[in-house]
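Before anything else, here is the set of structures, which you'll find just below.
Shared chain: chain A. Partners: chain B in the first complex, chain C in the second.
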Partner chain A sequence: MKNPFEAFHQAGVRKREIPLDKILKSKEETLSTILKGYEDLLKNEAKDLVWLMQYSTVIKAYSIAEKGIEGIEYTAEDIEEFCYALDHSDQIPYLITGPAGVYISALCNHAKEEEIYLHLRDLTVKINLLGYRLPTDKKLIVEGNVGDFTGIGLDGGEFIIEGSGKNYTGAGMKRGRIIVRHNLGFNTGHGMTGGELIVGGRIKGLGKIVGGKIYERDQLIFPHEGIKPFSF
Partner chain B sequence: MEIEEIIKKVWPRVKKKHLFPHLPLPTMIEGGDDCALEIKSKQLSISNAFYEKLKDKMDGEEIVEAVLDHGITHYMYCPWDFHTHLTLYNEAKKVVRQKEQAQRATTYFMDVVTDTYCVKEKNTKIAQLYKNLPKHGMYEVLTSLYEKIWGENLGSGGHEELVNRLSRIPYLERKRWRESIKKFTKVIQDILEKEWENEQQSSQREPNPLGEHSLKNYSLEEIDRGLREFATAVEDLQEFRETVDDLREELEEKGYGTGGMGRGKANPIDANLLYYMKLAESYTLPIRKLPIEKRGYLHPHAHMPWEIGKPFADIDIWTSFGKIIPGITQIWTKREGETHGEFEGTPDCLIVIDSSGSMINPRERLSYAVLGAACACNAYLKLESKAAVYNFSDALRGNKIVLDFNHEKEQIYQAICRYFGGGTAMDLADITYLLSRANNPDIFIITDMQITNLERLIEFFNKIENRVTAVHLGSNVHTTRFKDGTEKKKNISIFNVKNKEDIPKIVLGKVKEYLASPAKWR
Partner chain C sequence: MKNGYYQTKIRGIYKYISDNLYLNRPDVEIKGEHFNSTLLFSLLTGINRGKELIIGEPGLGKTTSAEYVGSILYRYPLGVIWGSEVSGHPEQTEEKIIGRPHLGELNKGKERVVWSNFAQIPVKIVDEINRLPETKQSMILNGVDRGNWEYLNEILINDEYSLFATANYQDRGTNTIIAPLIDRFDVLIESRHPGSNIAYIIGKEASSNHPLRHPQYEKELHQILRGDKPYEEKMTLAEGVCNLFGDYLKEHLGLEGLNKDERNNVNEEMVEIDFDLDTNAFVRMALAELSFCHKYGQKRSVEVCEEGCHYTGYLCHHIKNCASNRLPISIRNYAQALAWFLEDDGVDIEHVRLIIPHVLAHRIQWKDSYLSKKEGEGRNDPFQIYLAKEATEEIFQRYNEQREYLLDALSVGYRAFAGEEVTPLEGDHPIYEEIKKDIGVKDEKPL
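Now for the complex of A and B:
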């Protein structure tokens, strides 16, 4: 008996592997390795799903994050994918913005690229601590709004925020430059010892600043006649 | 002509390669030399000028085969149907917020998906075709992308950052297309804006070398089905309205009106009405039949314009000029004759809808009242029964619509979708009048029951023997009072609608104790 579907058999099928398959596969693998590193950080740092923002905690978390990402080959795009993976994850305690920010900062600081552009406009949460310890010769550009403690301990890098930030931006910053297109919250530049913070919009309030320069809408507001440097 | 011969020669091979798509033999058009393909309602047409321009660089058969591979894959894979096309457009629009740019992004995305699918899954010469096509603007970026994701040298290069980002999108994962087109559009947003600015200055649009994707690609039936699926899939009315408003001109040009297909240009599209129409089509409410005497064989009664979806058997060829074209072709509407026996049938229905201030404005958000009423209307009209509408808020002050029994779906929908706001009072004289206009019609009432003269309504319902389907939205003291007040009446059935999923649970004309005796209902 003749097979009525004979004409369909193997008709025009080629199914070859194309470079896109490899790109996507390697992207998935990298992302899962990055996520694993993040999970390890969470296990160590936020066991009770509570993460207290203290400078010693941040330093400890950062060193765990650095270990977690050791040996991972990734690009700026992978960092961005990771941010969205955190945002879209349905595991409720997954995105704790403190450790997430420290981990992303470690990824940025150890990335191969000198310039990293993160398109985070569509993130539903604002990540804290982005740009932590950004070193010299690194430029980080974030499109979208960011959370608290952005750019703290900045260490010579250039951090551009195409949006607004919240409180304690640039706190403890040593050198380098933070440029914010829109607004910042309270305690801006708290404990800052050097570098420049340039804000295109409004600053709700300054912290206790030791050194460096802060500009608000092209006007130098620190150091200024009315605001003297603070000594701890 | 040379190209026609090649099409005839290549077509069986291409058809087999794509597993025999249900498409007619492609034709040749003179066309321009910058656009290879035109697709109109499944008819693929290859431009002769394009072929002539390219034939010195590439084998003639390979040109035709590659162009056909591209065209057929749009039909067989992406977008596949109008609903997918609309969904992709809608997602792109969320990023760029501008119609033309969203259309462009959708076109580019569908082309990348289609061509990548062909290159991976089929034996195709598309890569060679791209190698020989002019590369400028977005096509230069796309060719560079193809070089990277197909692993072919297409003579492009450059745009490294863009290509890196674009090459990370899973184009062949259908389930992720919504998310993928958003990413894709975000990456190319700057180019789209530049293209748009250039077009504004030069008023000349750079054509897509492998054909444009517009409503012309789809038949009216596909558009109708696509809109129905899209209405069910979108998150809210605003999203549907925005998309339909964007496509209004093209839809009207195609002859698609609010009332459905084939109504022609004279019937402008009301996106809100269309939304409820298409959404209501996804629900089927059952109607309990009623033993009635006046039921018999159908006979041709009057003419109405034919719409796609209506039976061909009812077309009156003598008044249709021998043509089957929506808007021109006439169809017989049939009526029942008299008979004397106990047949089961469906009476007409009076739809009573509350559009007072406590109800949702159907033009702002999805109104379950309007959707429920629309479903009821569809159910009765489908069974050739008529529907009347009493839409009220403060009826005693004139805030009401009284629409007599008829078969005109669009007119009924317009009456249902009207929103008054304000207080809630019924004029029972209107109800009595409408009930007198038909033979024992059913009543479908949908309200939150916060009616000023609710006691009079309960009293009224207790006096009549018509089947009443009362749907209340949410629960409150008034709904409890209505339930208690009509508890003893077996011809009144009450349903509560809390969300969209409750609507299909409504059974129209349900009676608490169904008796086969026609006398009870007369």
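Now for the complex of A and C:
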């Protein structure tokens, strides 16, 4: 009798590439390019595995990060993938939350999308420096808790944190708005000169604030009535 | 759209009928093109020599759509088509449908059959087939199926024919179409109401002379069909008149039908069109669901499977009867015809997804419990076609979920059938059981 499966002679070995395969392949390529940019940043900035949080260091790291991501075609989803790769992948030699945050901030600030949503609830580490220099017309929403120095130097963007932050949140922010659903740590808003920081939970302590407004549970806590903001 | 020689002619026919004779909305979309399903399927029936059952309310163009397609495609003047139609009614007889004794010859003691026009010409239309009593439906079984018409001791075999039958919805004057007859139809299609706006303009430009009529050629064709010559000779003569009518259509209406050689060429082109691997596997999956029974080995209309079967979620659990071997033939013929019409290189899943509901709708006998469950659902199609469309999409969804694995399973099936020592793949679908049966892994249940 004729083999009724004749047409499928080669079916097992002749895999068809479906559009999803192509998408996944291109995603993988994008992620590996982003990872390479991050590794370059680490090579420049953390040769001795120590990274000191100084404003000049952050500025330098940011400019290196900007160069690293130049020419990469990526989307907000790729940024999220990168965050998870930082946490889980063995491709990353070491995760230092400072440079990682600067690098992610650079990615967000140069992304095509105006609104970026990062689901970071499952990350085991809290990344510092997220939202650094977030420019006007950008909205960054992070689901999960973040680390220190979040939203520093915010430059007109809107940064929503669906979780809690640590110390120095909004430090040196110039304009824009940071909304934190839960709590913040010490030195919140240290050196901020403008913009709004709205916190749904509690703030452990404020830093030396120059300007702008800080709300805690719908109450304006800076500037207080009768207390003038710092002026240099 | 490409510009194949024959396809351009067929598209011209479609356009002329849809613009002038059968005004209706496009209701199907394939590969970005919109068509009216009744017209599209009637044309496909005409070019692939199929059998189509057209249902619908009275006066919605069931018969006329078939008449127009048959007349232009086969180049028979409308008067001949009308004169060859069979009407379904309780008093219908074999003598009116197939043929009668030649009374003059009979008086001389000789038996000779005068064949009806219906039995002779390649465009066969049975109007209101479900008004034929069930006992009389059996008379046309063979003719419908094979084009063999028998009367007394004579037989007339049509070498090509297309059959269009119309049926009204059930009322006091209708009968059930018997299962063997209904299975012989390739497709079921509904001639729908065109909508109030199109309905309003129908008949506005009615003229006394129908553009598809030609009294002179009609007379000549009637004379040929009535004549004493052998059938083959009559058909050759008729083809000559049809050619003249074809020239007339081309000159006056810009329409080009197909002569017999062209129709044969089209058929040869169509059968050359292959199914791609995906479509092949998808159709097998559909056939498995329509014929498999875990408990009784295969579906049988006299054996009803019970609740609690592992395959409760599959179509086999919702239907009573088994898919006949005519089903895959209908799928193949119509899918090839559609791919040919659209000038695609092969038959793909889009083609069969459009075809399958129409080849299934009249063939599936659903369980009453399933019908009760589904009858209240909102829909645009007649219940039978709606259920078949839903079923097709269900199978398609299952196919998408299991595609890679199924192709592997079929490939393993090939190797096992060829004698290689391989373990067949297990899977959660009747098709995997069928593969195992084919390669002899699963023994038939002991009696």
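Quick note on the criterion: the second predicted complex is superposed on the first by the 208 of 232 C-alpha atoms of A that agree within 3 Å, B and C clash if a C-alpha of one lies under 4 Å from a C-alpha of the other, contacts with A are read in each partner's own complex, and residues count from 1 in each chain.
Quick note on the criterion: a residue touches a chain if its C-beta (ideal position, glycine included) is under 8 Å from a C-beta of that chain, and two chains touch if they have at least 3 such contacts.
Note that the structure is a prediction, hence the values are computed from the model and not measured.
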{"item": "First (chain B), second (chain C), both or neither touched by A:E6", "value": "second"}
{"item": "Touched chain A residues, chain B compared with chain C", "value": "B"}
{"item": "Chain B and chain C contact sites that coincide on chain A, given as residue numbers", "value": "7-8, 11-16"}
{"item": "Sites on chain C touched by chain A in the complex", "value": "275, 277-278, 280-281, 404, 407-408, 410-414, 417-418, 435, 438"}
{"item": "Chain A residues touching chain C - in the complex, by the definition given at the top", "value": "3-16"}
{"item": "Of chain A, residues touching chain B in the complex", "value": "7-8, 11-16, 18-21, 23-24, 27, 75, 77, 81, 119"}
{"item": "Contact set on chain B toward chain A in their complex", "value": "16-20, 116, 119-123, 148-151, 164-165, 167-168, 170-172, 186"}
